[in-house]
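Given below, in the form of structure tokens, are the structures.
Across the two complexes that follow, chain A remains constant while its partner is chain B and subsequently chain C.
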Partner chain A sequence: MNRYFGYRILQRIRPVLFLLPSAFFIFGLVYYPVINAAIISFFDYNVLSREMSFVGLKNYLFIFNEPLFITIFQRTIVWTVTVVGGTTIVALALARLLDVQFPMKAVVRSIFILPWATSLALSAMLYRWALNSERGLLNYTLKEVLHVIDQNVGWLATGQTAFPWLIYVGIWVSIPFTTLVILASMQSVPRDLYEACALDGASGIQRYRYITLPSIRPIILITILVNFIAVFNSFPIIWVMTEGGPVNETDIMVTILYKEAFKFLNFGRASAVAVLIFVFLFIISVFYLIMLSRQEQ
Partner chain B sequence: MRSKQAKRTITATVVGIAVIALLLYILFPFLVALNTALKTKAEIYSGEVYWIPRMPTLRNFIDIWSQIDFARYLLNSVIVCVGTSTLATISAAMAAYSLANMKFRFNKVYLNLVILTQMFSPIVLIIPLYRMLVNIKMSNNLFGLILLNTAVVLPFTIWLAYGFFKSFPQDILEAGLIDGCSGLNALFRLIMPIIRPGLVTLVIYTFAFAWNEFLFAYTIITKSRLKVVAVGIFDFVRMYNADWNYITAALLVAVVPIFVLFLVIEKNVVHGLAEGIGK
Partner chain C sequence: MKKKLLLVCGLVLIAGLLFAGGGQEEGTAGEGLGGEITLWYFEYEINSQEDMEFIANRYMELNPDVKVVLESPPIDQYHDRLITAVGAGEAPDLAMNATAWMTELAEAGVIFDWETQVPAAFIDTFVQNMLETGRFKGKLYGLPYLATSRGMFINDTIYSKAGVKPAKTWEEFVPAAKATTNAAEEYYGLALQGAGVENFAAWFLYFFWSFGGEIFDGQGNLTINSAAGVKALTYMGDLVNKHKVTQPNVTATDLPEQLNLFKAGNAGSTITGPWLIGILASDAPDLEYSVVPIPAGEQQITLGVTDSLVFFKDSDNPEVAKDFAQHFLSPEMQTRWVSGRGMIPIIQESSKDPIFTGNEKLKVFLEMLPSARFAPLDPRWTRIMEEGGKALQSVYLGQANPKDALDKAVDNVNRM
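Showing the complex of A and B:
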């Protein structure tokens, strides 16, 4: 009787016991810090003297009134939309290509995942060197082999040339994952749909337009959202290649947040930036998901 | 008939050109790095730039172990990766087991809370987490870094694990439980062997995540002897911007292990994801 009772208790609490380790991380090291960041954003917080004084909305008002932040926010949107848009378009084309049989396909596919396996920081360092103005092989190839430029270009020396390259690298690192997810969903489209369509005399393009695209649409729309959040928050590429420079010409929200926090030691203002990033992404995601579910119906 | 043949040749040519273009696009920065890593510093700065090294040498791949503190960085990376992978895989497997195979009123709520964390990126968390670690004197501590990495990688790991556990046949589990297996016993004796490929995926995925994580490792760890590979090489880039023969060699060495691991899990992760999204 007693043992049975103990067993019952164990049955009841067992699910909770198994959730405890993950709950420690998820509540202690994710949810609690988020709330903490929101609180710090209402304080002037000096890291060195560790003094905190409540300032209400001061940090937020500063950000909204500072033209630099407005410019950086706009640039973040351009960065995110071009990287995600470029990735999606290229990934759609490449998924179609990798769906075709060709010799050595396994090898090509293996090489294809290299940018995904290489960390963002390492990829950014590789490109930083490839784009080097005097010793870089990009300038050499463009100048001596292809003859499209007359003299070496300092690609990362001005915002005008650095920013497009950052976007290029952003797309380069995002492509394998996005392509493979789209490819996996393309290959799960029932084959008999295609056969029926072929019997009706549809061309390859028509089959792609009327069967493949509608079938993979949900996956495409979700990868756009996932990529949007990831790219908006992406720190290493820009930090490693330009550190947001020259001056602030390639800064986005996350790099300015980092500078505010760990260069200027302004934790309060940096936390306000963090909260704004979160609120913005949250609103975007909610609207996007509502729009998606409306369209599904 | 003839035109069909011609059409096929055209398709093959187009595909061939596209594949070659794709390979060049992907490999370009690696080929540049390889080119530099095979040259001596004198050759890089000889005033001439060219693709094929005239006197290729593997010296740089030997010298990085003495010129850069590469062995230590590598060891630190391995410690962080093994720690993160162990903590995250165990916590995720336990959580997923509970969520997928046990009856608990708040399972759905918990799973949704887990998924919702994907909205918070590391950059939003960095300031409070940094403060927390400083307060408990665990900044500049590899275990502190392991804890942060685990927290960030865990939600997606739970999500992947949940898929694997969900696919485990419930009736086998129930039969096992009736035969007197305890919860933990059932987990290790019944479920683990069957979902082993899934667990391998979790182990490698979390390992690779920790290997590639940059923001925390760069912010939390400031002592040189505790730095991980990516941060160590980046420091070297900033301090010795001239020694690219070493830097590129180190970069290539740092890419290889994770690339090999990715080859093993790539399909599992992609399918787990495509299916997860599909639902």
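Showing the complex of A and C:
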């Protein structure tokens, strides 16, 4: 009887036991650092001596009152919206292209995957060299080959020229993943729907608009949300190419967070920035998912 | 059978996790020195790995029970990774350090005062005025192991083609730079670094100090926005925007790019340290150049910079660490190490070695060193470099006038 009772208990808690290792890692690698950062954000924290002194809301009040942080937050929104928007539009077009049969389609698909196979830092390094004002490939091509400029352009020398290039690189590295996800979703749309539409006389554009897009809409919306979170927090591209300069003109929230933490050793303020990023993205995500589920209803 | 196999695998995995992980071996007590130490070293502009491995291997030959682990994070990540390692309790035993970084470690109380760790006779082997650069609040937190001063490199070919001589004053420099600028042929009077750490920490100081400026006043207030500071930044901004004697896109030019411009013959002059001698010898052996003192304003100055060795209190093997430090800073090892980097030694016996004193190009730097000025050891220095660098860039980009830019920098440092 006892053995049977023990077996029943084990059966009931077995799912929990299987989930425990994952829960342990998620808590340890995600929730614990977030809680830790939230606590540190209320302190002045010297990471070297590990001394902490409570300062209450001082770090948050500084951030909200400092024009530089406000400007950087606005720039982060622009960065995220343009990269995600640009990626989605290009990925939709590419997925449509890859959904049809054409010669050497496998080769073309492999080429599109390449940016995804390369690390972000390496991609950023390559573009940094390509955009070098004295020895970069772009200026050489424009000046020596095409003769459209007669003086080298400092692409990364000002915020006005550097920021668009950063957005371009952000889109370039985001396209492969988004394209593949959308393509997979497109290919799961039942083919007989297209056949039925074609029999009714619908054109290709009409089929795309009334069959394809509605079918893949949930996936598009999810990729937008995932990309939004990833791009908002994207560090390597901007850090490698410009380090947020010149004059903070390409800084976003994560680069200023990094500077506060590791250059100025201001871990309290850096933690406050991290918490604000987390709260902002959490609110955006919840609001977005609620909106999504309402629309589906 | 399957369940038993799963159980065995699970136990093996758990056992592996429990016993996994590194950790320094315990130093072996007893006769002689033993155990392991870790040294972080800089990868300088001229390759450092071979010489560092030679020094470590020589030490291990003399002390067979010791293992010296060498690590060299990339120079642009070195500071940040050192801070992270210290914060995580994973500091190395010894680390090379830009002397200016020493203050934050000293203030946190994580590094030793060397005078409490090594014999006084060893301390006496240093060039004493250079040794003092490692002193902060009266304690010797850093042992400087090499020094640089700065000089002006002149492209002799461009200068002789223009028929001008190197300027002795900043007043003479403008016409010389104009004469040695030809944008159509892509060479410019001065390769000026407008991005990166030395943007402010070196370039501004060349002009600021020569015009009589002081970084702090007697009460410790930041005074880079004094009349001398405004004069310096006005002069620098005019070089870029009014006289146009620098390369275009100054704010995209970091140290490697600045050196590349001179190497490639795109600059009539530039200001940098003696490492360029070694770089030119290997990368541009046909370039004809000379080295002259930095032009003078009200004063003749040069910037002195030292790098220091620091000793972390968390060391698991302090006896070996101290002994290795004395080995690394011995005359024989220092002659090899410092000459290989193209810099100037701080060990007295090394500084008399003909490899340094017989080098004609290095001689200018050696002669300037006794009158070199050093960046202050102040915990605010990183912030000052950041805000000062932004002030310079905003003037180069025409976004602000020098007075407003420097006032804003001082205000930001005080606020942030």
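Worth a mention:
Operating definition for what follows: the second predicted complex is superposed on the first by the 269 of 297 C-alpha atoms of A that agree within 3 Å, B and C clash if a C-alpha of one lies under 4 Å from a C-alpha of the other, contacts with A are read in each partner's own complex, and residues count from 1 in each chain.
As a convention for this text, contacts are C-beta pairs under 8 Å (C-beta built on N, C-alpha and C of every residue); 3 or more make two chains touch, one makes a residue touch a chain.
Quick caveat: nothing in here was measured; it's all calculated off a predicted structure.
Of the two partner chains placed around the shared chain by superposition, chain B is the only one that A:Leu19 touches, whereas chain C remains out of contact. Of the two partner chains placed by superposition, chain B and chain C are both touched by A:Phe262.
Within the superposed three-chain model, A:Leu122 lies in touch with chain B and out of touch with chain C [touch as defined at top].
Touch counts on chain A: comparing chain C and chain B, the chain ahead is B.
In the superposition on chain A, A:Leu94 makes contact with chain B only, not with chain C. Of the two partner chains, chain C is the only one that A:Pro246 touches; chain B does not reach it. Once chain A of one complex is fitted onto chain A of the other, the partner contacts of A:Ser49 are limited to chain C, with no touch recorded for chain B.
When the two complexes are overlaid on their common chain A, residue A:Arg135 makes contact with chain B and with chain C alike.
When the shared chain is aligned, no partner comes close enough to touch A:Val231: not chain B, not chain C. Looking at chain A, you'll find residues 132, 134-135, 258, 262 touch chain B in one structure and chain C in the other.
Contact residues of chain A toward chain B in the complex are 14-16, 18-19, 21-22, 24-26, 28-34, 36-37, 40, 94, 97, 100, 102, 108, 110-123, 125-130, 132, 134-141, 144, 172, 177, 180-181, 183-185, 188, 218-219, 222-223, 229-230, 233, 235-236, 240, 254, 257-258, 261-262, 267, 270-271, 274-275, 277-278, 281-282, 285.
Interface residues of chain C, counted against chain A in their complex, comprise 79-80, 83-84, 86-87, 104-105, 107-110, 183, 194-195, 247-252, 257, 260-261, 264, 266, 382-383, 386, 390, 393-394, 397, 399, 416. Put simply, chain A touches chain C in their complex at residues 46-50, 66, 132-135, 151-158, 245-248, 258-259, 262-265.
For chain B in complex with chain A, the residues that touch the partner chain are 12, 15-16, 18-19, 22-23, 25-33, 35-36, 44-45, 49-51, 87, 90-92, 94-95, 97-99, 102-104, 107, 110, 113-114, 117-132, 147-148, 150-152, 154-155, 158, 183, 208, 211-215, 218-219, 230-231, 233-234, 237, 244, 247-248, 251, 254-255, 258-259, 261-263, 266, 270-271, 273-274, 277-278.
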